[in-house]
Structures are given as structure tokens and as C-alpha cells.
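I have a structure here, written as C-alpha cells, and I will follow up with some questions on it.
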Amino acid sequence: MFYHRKELIQPVRVENPDPRFGQLLLEQFGGATGELTAALQYWVQSFHVEDPAIRDMLQDIAIEEFGHLEMVGKLIEQHTRNLDQTPVYDAPLFRVRGVGPHLVDSQGSAWTANYINEGANVVRDLRADIAAEAGARQTYEALIKVCHDEGSKKALTHLLTREVSHTAMFMQALDRLGKLTDPIFGSVEPDETVDLYFDLSKNGVDHRGPWNQEPKFRYREEPAPQGGLPPEPTNPDEEKLKLHAPKLAAG
Amino acid sequence: MFYHRKELIQPVRVENPDPRFGQLLLEQFGGATGELTAALQYWVQSFHVEDPAIRDMLQDIAIEEFGHLEMVGKLIEQHTRNLDQTPVYDAPLFRVRGVGPHLVDSQGSAWTANYINEGANVVRDLRADIAAEAGARQTYEALIKVCHDEGSKKALTHLLTREVSHTAMFMQALDRLGKLTDPIFGSVEPDETVDLYFDLSKNGVDHRGPWNQEPKFRYREEPAPQGGLPPEPTNPDEEKLKLHAPKLAAG
Amino acid sequence: MFYHRKELIQPVRVENPDPRFGQLLLEQFGGATGELTAALQYWVQSFHVEDPAIRDMLQDIAIEEFGHLEMVGKLIEQHTRNLDQTPVYDAPLFRVRGVGPHLVDSQGSAWTANYINEGANVVRDLRADIAAEAGARQTYEALIKVCHDEGSKKALTHLLTREVSHTAMFMQALDRLGKLTDPIFGSVEPDETVDLYFDLSKNGVDHRGPWNQEPKFRYREEPAPQGGLPPEPTNPDEEKLKLHAPKLAAG
Amino acid sequence: MFYHRKELIQPVRVENPDPRFGQLLLEQFGGATGELTAALQYWVQSFHVEDPAIRDMLQDIAIEEFGHLEMVGKLIEQHTRNLDQTPVYDAPLFRVRGVGPHLVDSQGSAWTANYINEGANVVRDLRADIAAEAGARQTYEALIKVCHDEGSKKALTHLLTREVSHTAMFMQALDRLGKLTDPIFGSVEPDETVDLYFDLSKNGVDHRGPWNQEPKFRYREEPAPQGGLPPEPTNPDEEKLKLHAPKLAAG
Amino acid sequence: MFYHRKELIQPVRVENPDPRFGQLLLEQFGGATGELTAALQYWVQSFHVEDPAIRDMLQDIAIEEFGHLEMVGKLIEQHTRNLDQTPVYDAPLFRVRGVGPHLVDSQGSAWTANYINEGANVVRDLRADIAAEAGARQTYEALIKVCHDEGSKKALTHLLTREVSHTAMFMQALDRLGKLTDPIFGSVEPDETVDLYFDLSKNGVDHRGPWNQEPKFRYREEPAPQGGLPPEPTNPDEEKLKLHAPKLAAG
Amino acid sequence: MFYHRKELIQPVRVENPDPRFGQLLLEQFGGATGELTAALQYWVQSFHVEDPAIRDMLQDIAIEEFGHLEMVGKLIEQHTRNLDQTPVYDAPLFRVRGVGPHLVDSQGSAWTANYINEGANVVRDLRADIAAEAGARQTYEALIKVCHDEGSKKALTHLLTREVSHTAMFMQALDRLGKLTDPIFGSVEPDETVDLYFDLSKNGVDHRGPWNQEPKFRYREEPAPQGGLPPEPTNPDEEKLKLHAPKLAAG
């Protein structure tokens, strides 16, 4: 069951509102890397995670992310409060749809659950969560770099910080499962090709790294197809070469 | 520049075609966790990654994933080759759209680039890649579990194996960057809240774990809002309480 | 700031789990008329609504809807808990993506913020909210009609009931604004055509009603165009009739 | 069966074309609140509405909306006719895709049937229609406010007017069904919680209104969960704590 | 300006309703190859086509397609009229969303304007229209093949026929422009590579055809890159190899 | 199986980078008419095409299009390499998401497989391919017209050229099937209405053309409905006129 208090989890005080910056901020309200993605991803995962402690962590962090979504919304609300004094074509989105946040990204594309990565397995979920946090952090850094308002910067830095915090927590959980540095999980045994590296993109100079070096990996410099020619397709609908009386044909 | 050989990277031999299983396989052709997502994600990342060795790895793996997409497509083609002998409503998707693969998932939703997670930073990208591999692996396991054709199972096990291999490679790359177990990256310094854990979802019993324990984390049992009440919204379009002559009103 | 308690707002006890019914229930988890749509719509509206009492109501109801989303998620989780004993092709979605809720509708389409209707004006928002509740109520009725599990029925009836309650609240709010039965709102004066009714779809028999009767409405039986012929388009890119040397032409 | 006359339903005469305003106008051609949404929503509803008079009304209004869509298209065509004399990056959408209307909104997002709200029940449909009209009217007001061309303003004011007219008609139809001010419809009886109001969003000050006052509503100031703790999830795919030989592990 | 008559353009009489077939029919109501795509594509094109006769043709055919959309809708309405006597999980879409047509395809995905192909040039538009007709015709053939109701078959055969008719008309129009068999159009001169054919997909056996034979085409058996190595990317956001104090690191 | 060489298929050398032009170029990387659409469309078609020579052609061209996608990506990468010296709101997309290409169009909408047109029949596929090429060519022309960088223009002219080349090849293939100028294909016989033309859009002046002239076509000047009135809908969920105790009603 959810509850809400109207006070914010952290302060949001915009001194120099700029609706153009408000539009950029939509990326973290209704965008792929935004707080809604994070909140819903962790929370939906919690429905199928059996481990009570990891489930609890997912719920705690999800609820915090809803509070962060609220902060981003308030930033946008404040950045658009003087919309009438902004040239129309500097902030057309808010002119047409009204002030305050909307569930679209900075390009005006509606939020979609296609951004969410979850399902069936806690290791898969936690890896998805570390990725989600990395995307969110990256966007906050981009926003901070172009921000000219101190109050916004402070709020955004807090939001970036918490993405780091959550990453640390997810890493700890993966580590307890023994899966932070172990690539293998699940119940299907990999086959004997698991340590092969295929050099499929060529340019004469080999840049190598620990991801394709002995003894962990066997490097294949000239990988050849192992699968042979596939059988020909059989298509019952396929057009065969035959003649129709072209009575409607052009020309 | 791309090249192609018609032989497959690994064998694909379906003995007992089942268009219903063919529809499930679409999840890995045109679905969120599928091979197209992987191939395009790694390849698009390679355009902005400066490190030549990591960029090379992303390209090598991307090209391999295109070869895997081809394998999944051939599996679907073979599972639908006897479509005419299947009850119509067992495989309506292929009946309406034709045999062979289409760029939709097992539910018939079109593939979208919203599945892709990339941008600006190699650490963010590699974390997204480990997550992508985890999702792909999970779906392959689900498919293997319900599969009754030995040839398909063998091909799917190879595809699952390679997701593990790629995970190992991405982990090595992150490790070389020092970012496999370190949550922090990028150029913005986190603030002092970085080690706080907020217990926001309650049920009387505390399930704790290494992600919210001293000394790494400071646990906040009753987190209170720190942000105060936000200012009231100012909305130039907002309806104020006023009277209109309701000449068109109903009743 | 958001909080959560793990106890549910109302009981959810499924006695006869059926993953097929679980898939239908997705319509109210990740579908157009579902609880996520309601929760996010009312909550996003609250960012631009100036009237503190209506804003408060929107927030109270939004938070309740998050609690309802949780109930629907728990229903789905319980209906899929015996998935392994269900024929594979009876519940392919959960077989491929795992048990429990996902943010898709009963047809497997991902939730999108395009479902949300809000912006700029409280009258517009409240009308959208009454519409959202009507859709949600209708879907709950459809689900109850085909449901064979008493515990699910009881939970769904509660959820349907609360959609009625919210409708009543939104109607009261609109009524206080004088806009429940008055079609006019906003600051642009309608022109003199406001009471015309155009009979544009014909079949020889006139079915009339209070929406096209005097004195409120003026009925136009044979409406003619009032706008004249529009000017011809001017297209700088348009192909003009000219000849190219057809050196590559077929045939 | 549909017919068309090339004369417009109302005049469209743009004197001062501005492709930037043309892009804003796309919101009503291919946007959520646009004329295509209205036309298709009412028309699709007419397929399942049994009442012949209400069905007729839906068809009459749908056909009018197609005429309005044409007007908006002509406005856009005229606003883009001098595109070549506009700085490239003032109107990039039309530069890349050509002059005249396209089925996208002012942000370039393609129209989607997810905007449409209809199904199964005439009360639900009519409420959705009143909401659709409110959104359309709001967008027209926004466009009129930033419009500097008298001919466009006149056309837009007519279009706004007709949204008001249709609202009046839909209200009359709902009123005849007894459902304009009655929240209840359909055949499922609400349970005993129908008149409860839950104060779930707190800030120390209570803003109350007729939507949460006695005797119509019973106010719950400290709503507690009624549903108890849900059972633990059971997930056959869930990762359990177990050890794998980490032969591929990083580090 | 649009008009409508309630009589259908051609008869629609379903004798053996089957909601499962009704769902397949959605492909032509709200699907990619459906009548809405055709109607809107041709009609939107007409806004920018300067040639008055071709523009007139586009409008005539668009209006006919709206009449066809109505026929498909009526087919679906009639196929779902006995829904209550159908097993629930045979037609879940209509059970949840109500009888009659909805703007989704046979897989439940909402119609989107991304299906539409138009813009800027009449040759491009007409080629897109021939393609649209080919897709529509193909889907009608697929539907006819699995249809067990004579009335439906007759209606579908008419609809298929008219796609052929429209194709013939579009071909005539292209032919008058000299562009039915000439690949070149527009105002940019192709460069000297226009007649090269690159054999990029290899399997040892050459299947050749008139599309890669002298004298029209110059065949390149071993095409080599002509573009050299591209410059290294320059990414201001790229993570460089540096050390952070890993105070939050796992393990 | 896929291979890659790091050298480009043709040179890409941007001398005057402009991130605004980089954003326009996204139309051909992640947009509807872009190279990804072409590459994937032809390649997916190849899975169901039985004719080995046409299948080979589709694969050869698909692989070339992947190489073109790479060229467009390199153009975007180079146009964004000086992003830091560009005003923030001139190129907000790259500021928020990073330099280099992303899989979105010039309006920021994610690429979707809804752009792809394929299935079941080689004639349908080839017609779709000619349409795809026409759209791609048109967008390249639009980009060339507004381009101020000679290196970019040269690369774009090559890409436009190859769309012409592919069109020529597809036309040859259709011609060999006898379907370049013959509208009829497939196995369903059209009915007797195949040569009718319906004048459904009127304006007093008849613009006629070869697409509606004798002897190929029979012109119907005043087309009347042939289908009669459809039966009334039967909707089990429909609201009937009945009274509820309006105890929650407003007012």
C-alpha cells in the first residue's frame, strides 16, 4: 500500500527558470533513463523475487525513485512557471501542452514500458538495474553540465548521487549471490564454445584485451561458418513464375 | 563495411517443426531480449567509444550477434515450413503474415529501438551490455525448457552459451576500466548522501543485507522528507472559479 | 515523498490460479484502462493544478491507484504461481517472460504514456479523469464476467467499486467549478455556429434526440460546404512531368 | 459509405504563413488531441452502440471531424507553402519530410490508436468523448494564443467552437441515459466501500471539498491497509544461492 | 468536406460468425496493411500533390478506402455478435474490450501512423501506394484462404479486387509521369556508381539475373571497401582509464 | 554469417561539422526511410523467398545497406565531434544523449519495425522495396538541398545514387516475374468490379487521366451504395436506458 507526504524528499528551488532547460529535464521524467523507468522496473521485479531481503531492497529503492520522479517534476514545474515571458518557439512543447511535467522525453516521445528490463530471474534483474542506474547517472551528468541554475544543479547532483548509491546496493546484492563477477547464472549448462572469441570485424591491426586473451579465452582469428548452408525455404504463398493476362497493365 | 556468407555460423536443423514454437522464437528475433537488440546496441555504441580495443570488441561481438539473428530466423523459418498442416488458430500470426521470421516479438509487438540502452560513456554502455546479455540468456533458458525438438535445443543452447561468453568479455572490459565492482564513474562528484539507505517500504520485519549495513551504508529507519513543502504551482491556463452562462448545458 | 507498507490496501486471495486469467488481468496492470494509467494521470495533473483542494484530491486518489496497481499485480502473481502445470501454449507470455506481472496489456503490448490525457486546465483534466474511470470500470466488469475464482472476483469488485467512488469525487469537483453540465470552459469565446447540428451521415430515417433539437440546437439537414475550394498546393519538391534518360529502366 | 466534396466545410485562408506555426498545428492533425483521434474514436464507437439515435449522432459528429481534419491539414499546407524562404533549422521537420501535413504531432511523434478510448458500453464511450473534446478545445486555445495570423485564428476559433458544440451534444446524450451526473453505470453492484475517501497524501493542512464531505462521503484520515501481508511469491525461475565454478569470472 | 451514407458500398453478410476469425480481420481494420493505412496515406498525400488530376485520383481512392474500412468493421462486428457463446479464451481480445472492431491488428497492436509512407514527391508517393496495395492484397488472400464463411469470402474477394484496381490506377499514373519502369526521379544527378552490382553475400554458387547483368549493370564479384579507415571518434563524455577511490565497491 | 571490415564502403569526410545537420541525418540512421529500414526489410524478406536468384539479390543489397547505415553513422559522428562548441539548445538531443548516432529519427522518435513492409509473397516484397527506395532517395535529396558541407554532400549523393541502383535492380526482378507493369498477382481471382473507377470526391470540375478512362476503366460518376443498410449491432455489454439510484450523483 502506498502513502505520500507533500514535502519533498530533498529540496527543489529553481532561481532562474528556463523552459528550454525544463524540456531537457523531461528526459528524466518521461524518458528512457528517467526516474519512472527506475521506479517501475525495480517495483515490478519485486513481484517475482523470492529472496525476502533482496525483494525488500528493490521495494525500498523503488519507493525512493518515485520520490525522485516527484523532484524532477517539481524542477520542470518551476522551470516553466514563467512560460509566458519566453519566446514561443523556444519552448513549443509547453506552449501547446501546458506548464509542468508531462510523461514524454526531451524529444517529446511518450514514455513506454519497452524501456523496462525485468523478468524471471533475480540475477538478470539486478544486472538490468545496474544498467538502468548507469543510464540515469549519465543523463544527470549531461544535464548538470549545461545547467546554469544553482538550485537545479544541487538537486540534480543529489539525484545523480543516489543513482550511485543504488548501484552500490545492487552490486552488493549481486555479490552476495556470487554473480557480480561471475558471468554464469541459471540452470542451463553452456556448451564447449563458451570461451571462444571470434575476430569478425577486421582492419589489419589487432587491438587485443583481457576479453580475448589466453588462458581465459581462445582467440579465433579467421572464424569460418560451422553451420553449413541452410535448407532452401519452403513458402506456400510464394509467387511462382507464371503468366497472367495483363489486361489492366499500364502502358 | 559488411560482408555475408550464406553458410550459418552454427548448424540449424529442426526435425519436428511446430509453428507455435516458431512464434515463441520470435521473442529472440524481434523481441526486447533478442539478437537484433544486442547486435544494434553494441554496434551503435562502437561509434562513440574512443578506446580502440574496447571498440573493436564491441564490433566483433555485434557482428557475431547478426549471425545469431540469422540462426534464430532460420529456426523460425524451419518451424513454420509445414504451416498448412497446422490448425489455423494455433499459429494465426504466420497464417496472416506468412511463414518465416518477422520483426515482432512472441506477442506480435514490433521491434523498437526503445529496447536499446547506449550513449556517451563506455562504462554505462558496458553495464547496459551485461544487462542485455542477461535478458537474452534468460529468454533462451525459457525457450529451451519448453522445447521438444533436439535440433532446436542444440542451437538454442549454443546461443545461450555465447551470451555467457559475451558477458565474460564485457566483465573483463569493465574490470580493466576498474568499474566492474566500483559503482562510481564519470566526472561529477557525489554528495554526502551517497552511503545512506532509506527504509521506505515497511512491514514490521526487517530483512537486511550487505546493501544496507555498516560500515558501507548508513541505514535510515524512519526517513523523513528533507525538502519541505514545494511552492504552489503557477499555471496561466488554469481554470479559475468563474461563471459562464450555461446556455448549452444539459438538463 | 512516497512511502510504502507491504500490507495490501485490500485482500488478494486467489484460490484457483489460472495463468490464462492472469494474462487477461494484465489489461489492468499494463493496459490502457489499467491502474498505472490512472495513477500517473492524476498525479501528473497535480503538478499544474493551482486549486489546493482539487490538487490534494488528485494526489489522494493517485496514491490509492498505486495501491490498486499493487493489488492487480498480486492477483497476477498468484494466478501464475502454478505456471509449470499449465500447458505451454495456454500461457506463452508468462512462459517466455516469467511469472508475475509485466507492464504490458492482455495482448502483450507495452504500456505507453500515450494513454494519458492531461494538460494545462483543470476542467479538461477532470473530464479526462471521469473518462479514465469509465474505461477502468468497464474492463473490471468484463474481467468479473469471465472470472471463476471467488477471491479474484471479490478483489476485482472492490477495484470496480473504487472507480465508481473516484468518478463521484471527480464529478463533485467539476460541479464545484460549474463544469459538470456546462460544456463551455476556458477563455476563448465560441463563434456563432456553436448551436448548429450537421446531419452528415444519412440513411433516410432520422433518429433525433435532445442533442439536435430546438431550441438548444439548430438542425442542418443538408449541410453544404461553407469554405469554398481551397487554393492549389504549392510544392517545391513536386515531380513535374519531364523526361529522364531511362538508361536503367527495366524491360 | 463515404463521400467527399473538395470545398471545405469552413474557410481556411492563411495570410502570413509561418512553418513554425505549421509545426504546432500538427498537434491537431496527427496529435493526441487532434481531429483524427476524435473522428476515429466516435466512428469506431458507432459500430457497437445499439441505440440508433446515439449511434447516428456519433456518426454525424465523426464525419464532421473528418472535415475538420481536412481544415487543419489545409492550414498546415498553407503555413508551409513558403518553406524555402524560412531558415532551415526553424522548420526542420518540413524540410526533411516535405510541405503539408503529416500524421505526427508537434513533437514529431507518429499518431497512434493508443489515443483512442472506446469499447463495450455507450456510457463509457460518451464520457471518453467529452474528455476528447476537452483536450481538443484546450489545444486549440493554446494555438490561438500564440497565433499571429488572422485567417488562422478565425479557422481555429471555429474548430474550438465545434468542440464545445459536440461536448454539449454528448452531455445531452449522457443526460438522456441518466448518466451525466450519476457516477454509476453497468451491471456490477459496487461494494460497501463506495463512499469512502482515503486521505493518503498528507501535509498537515487539510484542503477539503464536496468530494470528501459528509453525508455523501465518509472521510478516512489515517487509512490503514486492510489486505494484510500478501503470500510470498513462488518463482520457478528464481536464482537460488548456489555456487558455479567461476571459470570465466573477471579479475 | 466529408459525407456519409449508412448503406454500405458493398454487401456484408456473415452467416457463420466466428470471433476468432473476427480477430484475424482486425489486421485489415487496425493493422499495417489495413484499410485505414490506405485511406490515410492517399488522403494525406493529396495535400501536397500539385497535379490536379493525380490529386483527384488520390482523393477518390482514399474515400473509397474509408468505405472499405467500414466494410471490414461491419465484418468484425458481425463475427463477434455471438461472443457470449464462444469459449472465453478463444477470443480474449473481444471479451476484454467488447464486441466490434477496434483500431488494433490481429496481434492486438495499436494502429500507428508509422505504417504510412508519403512525402514531398508524387513519384515517391505513387510507388508507396503500389506497395501498400500489394500488402493489403496479400493479407486479403491470407484471410480468404482460412475463411469458412461464404458471405465473408465474397466481401473479402471484393476488397482484394479493389486493391488490384487501385494498383492498376496508380501504375497508370506513374506511367504517365514516365516513372513506372524508370528508376530515376527527382532533381539530384546520380554519380558514376549507379550501375554497379556488389556481390556481398557469398556461397560459392552464383545465382545471377537481369538485375546484375551486362550491359545494364557492372558486376563486382569481390567488392572491396573504397572509403578507407574512418577517423577515430572524439567523445568528450568518454570514460578514460582513471582511478576512483572505490569506497562503495562490492566485495 | 556476417563479417565486417573497418574500412568504409565509400569515403566519409566531414569538413564543417554541424550538430544541427547531424540531427537531420538521424532521419537516415534511425528514421522511417533510413538505411536500417532498408537493410532489415530486404534481409527479412530473404528468409521466405524461394527463388534462389532473387533471394541472393535481396541479401546482396541488404548487406550493402548495412554498409550504408555505417556511412550515415560516421557522418553523424563527425558532425557531432565539436558538440561542445555549439550552443546548447542548437543540438539538445546530442547534449542529452551523447555524440554520434542513435537509433532515432530527426524528430527523436525511436526506430520501429512498423516501418518494414514484407511478407509471404515476392511480388509484394519487391513492390515494397521499390517504395522503400523511393522514400530513402527523397530524404537524401532533402538532406543534400540543405547541406553546406562538400564532403557530406558527396557521401549523400553516393547514397542517393545507390537507392536508384537498387530500384533498377528491383524493377528488373519484378519485370522478370512479369509484375512490373501488371497489377495482378497471387492466386485469388478478382471479381467483376476490377475495372470500375468511382468518382467519390467531387468539385464540379473533372480532372481525368489514363487511370479512369475507357477502355481500361469504366467510370462511375455518381456511385451509389451497393451494400444496403447493414444489420443493427448486437452488443451484450451495451448500456440500456435504466435507472440507478443516483446516491453518489453530483449536485
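Think of it as A, B, C, D, E and F in the order they're written, each chain with its own count starting at 1.
What we mean here is this: a contact is a pair of C-beta atoms (placed from the backbone, for glycine too) under 8 Å apart; a residue touches a chain by one contact, two chains touch by 3 or more.
Predicted model only: the values in this text are computed from it and were never measured.
Participant: Would you mind naming the chains that touch chain B and likewise touch chain F?
Facilitator: A, C, D, E
Participant: Fitting on CA atoms only, what is the rotation between the copies chain E and chain F? Please report it in degrees, nearest 5.
Facilitator: A turn of 180 degrees brings the C-alpha atoms of chain E onto chain F.
Participant: Which of the two pairs, C-D or C-E, is linked by more C-beta contacts?
Facilitator: Most contacts of the two pairs: C-D.
Participant: How many angstrom lie between the centres of chain A and chain B, each centre taken as the mean Cα position?
Facilitator: 9
Participant: Can you work out the whole-Å distance between the CA centroids of chain B and chain D?
Facilitator: Those two chain centres are 30 Å apart.
Participant: Based only on mean CA positions, could you tell me how far chain B sits from chain C in angstrom?
Facilitator: Distance between chain centres, rounded to whole Å: 27 Å.
Participant: Which residues of chain A are in contact with two or more other chains?
Facilitator: 1-9, 47-48, 52, 55, 59, 62-64, 67, 74, 77, 97-100, 104, 107-110, 112, 114, 119-121, 123, 138, 141-142, 164-165, 167-168, 171-172, 175-176, 180-181, 183-186, 194-195, 200-201, 203, 210, 216, 225, 227, 229, 233-235, 237, 248-251, in rising order.
Participant: Chain touch graph shape: choose line, ring, star, complete or other and state it.
Facilitator: complete
Participant: Would you mind writing out the residues of chain E in touch with chain B in their complex?
Facilitator: Per the stated touch rule, the residues are 20, 23-24, 27, 90, 105-109, 138-139, 142-143, 145-146, 200-203, 225, 227, 232-235, 237-239, 241, 243-244, 246-251.
Participant: Where on chain C does chain F make contact in their complex?
Facilitator: That would be residues 138, 141-142, 164-165, 167-168, 171-172, 174-175, 180-181, 203, 229, 237, 248-251 of chain C.
Participant: Write out the stretch or stretches of chain C touching chain A in their complex.
Facilitator: Per the touch definition, chain C meets chain A at residues 1-9, 30, 36, 40, 44, 47-48, 59, 62-64, 66-67, 70, 73-74, 76-77, 97-104, 110-114, 116, 118-121.
Participant: Report the residues of chain F in contact with chain E in the complex, numbered from low to high.
Facilitator: 5-12, 32, 52-57, 59-60, 62-64, 67, 71, 74, 77-78, 81, 83-84, 98-100, 112, 114-115, 117, 119-121, 123-124, 127-128, 130-135, 137-138, 140-142, 144, 157-158, 160-162, 164-165, 167-173, 175-176, 180-181, 183-191, 193-201, 206-212, 216-217, 223, 225-231, 233-237
Participant: Within their complex, state which residues of chain F touch chain A.
Facilitator: Checking each residue of chain F against chain A gives 1-7, 47-52, 55, 88-89, 92-93, 95-98, 104, 107-110, 120-123, 176-179, 181-186, 194-195, 210, 216.
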